[in-house]
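What follows is one structure encoded as structure tokens, with my remarks underneath.
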Amino acid sequence: MWHQQELRLAPRSHGFHLITDEIAGGLEKLSEVKVGLLHLQLLHTSASLTLNENADPDVRHDLDAFLRERVPGDLPYFRHTLEGPDDMPAHVCASLLGTQLTLAVRDGRLALGTWQGIWLGEHRDHGGARRLIATLQGE
Amino acid sequence: MWHQQELRLAPRSHGFHLITDEIAGGLEKLSEVKVGLLHLQLLHTSASLTLNENADPDVRHDLDAFLRERVPGDLPYFRHTLEGPDDMPAHVCASLLGTQLTLAVRDGRLALGTWQGIWLGEHRDHGGARRLIATLQGE
Amino acid sequence: MWHQQELRLAPRSHGFHLITDEIAGGLEKLSEVKVGLLHLQLLHTSASLTLNENADPDVRHDLDAFLRERVPGDLPYFRHTLEGPDDMPAHVCASLLGTQLTLAVRDGRLALGTWQGIWLGEHRDHGGARRLIATLQGE
């Protein structure tokens, strides 16, 4: 079976946010899939999706702090600067971390490791609501 | 339905290149898929595939400039240097950005965001033509 | 057809390791798939999966050396430090390189390029055995 729907993520502040429950809770058909895959694709180029730790929020803080330091907005060779100093770093982070993920589904649930969660990386200061396409397939 | 074919991308200069139309135009079966996924996998280890902005070419320039500065070829601990100073950075970029992408398909088209395009990252100075396998599935 | 199984990777030292044969050899159904996809997802947040060169081991050394230098454990703003100086860098590398991969399958084999192999990135000093879920589909 195939099921595709668009999900809208509430606006978030700059940084990483755990969205596992928001994703899984928005997919009514998930419980029907015994074996399958869920594909998630952000429709934006200044945010990201990644799998990482679901427990200590310091991990999310630290990755954001690392990227802010290592991907600054004021590099002398950046030309795409009209939309502000948070814009080009956001594009860099979108490609470094990725904007799409494929996840295993088993027995009607995401088959994540004990410590795994889905993170939204919001790399703009005022990114607003983010949309993604969820494509679920399986049997 | 499943459809798999090999695509050949024309040689490009070092940097990022928008290949959305070259990919979509090369896939005759795409228009037949109402809901599905397209998987793209480069057959190389010194180029990359990523989703990013499809409008201002400065974004492509800036990401390439960032990677050239932050992933130089003359690091003292690099051992894999026989193929020239552009080679090891190309391997690093291939893993940082990735060489495979999965994309949502809806109503016979790639379901990309308004500003999203498929980028080929050519990380060698003379990478030549690049081959990829496109696997399309859906219904 | 769909087939899903959990694979256990033997413990490895910090660094990158070629696991193509361990993956392909562990999937009995692979030979039955004429056209399809294999999805691999690590169940951990301090290791990674990536495609890169399968020949010269220096490439694996160099990427690990690059990441050790560029993602150090003693950054003053890191808060998640209780588990040791190799822990937070491991989380960063897991997101930069990714923990899931989708690979083309053709004629009962992984359709990799001549120089492509699957790498496990072990980013902890004593990561132990790593588990992943392999989801194979195709016809």
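We just call them A, B and C in the order they show up, numbering each chain from 1.
The criterion applied here is as follows: a residue touches a chain if its C-beta (ideal position, glycine included) is under 8 Å from a C-beta of that chain, and two chains touch if they have at least 3 such contacts.
Chain by chain, the UniProt names read as follows: A, B, C = YjbQ family protein.
What you see is a predicted model, and the numbers here were worked out from it, not measured in a lab.
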item: Pairwise touch network: line, ring, star, complete, or other; value: complete
item: Classification of the subunit A (YjbQ family protein):subunit B (YjbQ family protein) interface as same or different, half of numbers criterion; value: different
item: CA centroid of subunit A (YjbQ family protein) to CA centroid of subunit B (YjbQ family protein), Å; value: 20
item: Interface hub residues of subunit C (YjbQ family protein), defined as touching at least two other chains; value: 70, 96, 98, 102
item: Subunit B (YjbQ family protein) - residues contacting subunit C (YjbQ family protein), complex; value: 2-4, 39, 41-45, 70-71, 75, 77-80, 88, 91-92, 94-96, 98-100, 102, 131, 133, 135, 137
item: Subunit C (YjbQ family protein) contact footprint on subunit A (YjbQ family protein) (complex, rising order); value: 35-37, 50-53, 56, 58-59, 61-63, 65-66, 69-70, 96-98, 101-104, 106, 111-116, 119, 138-139
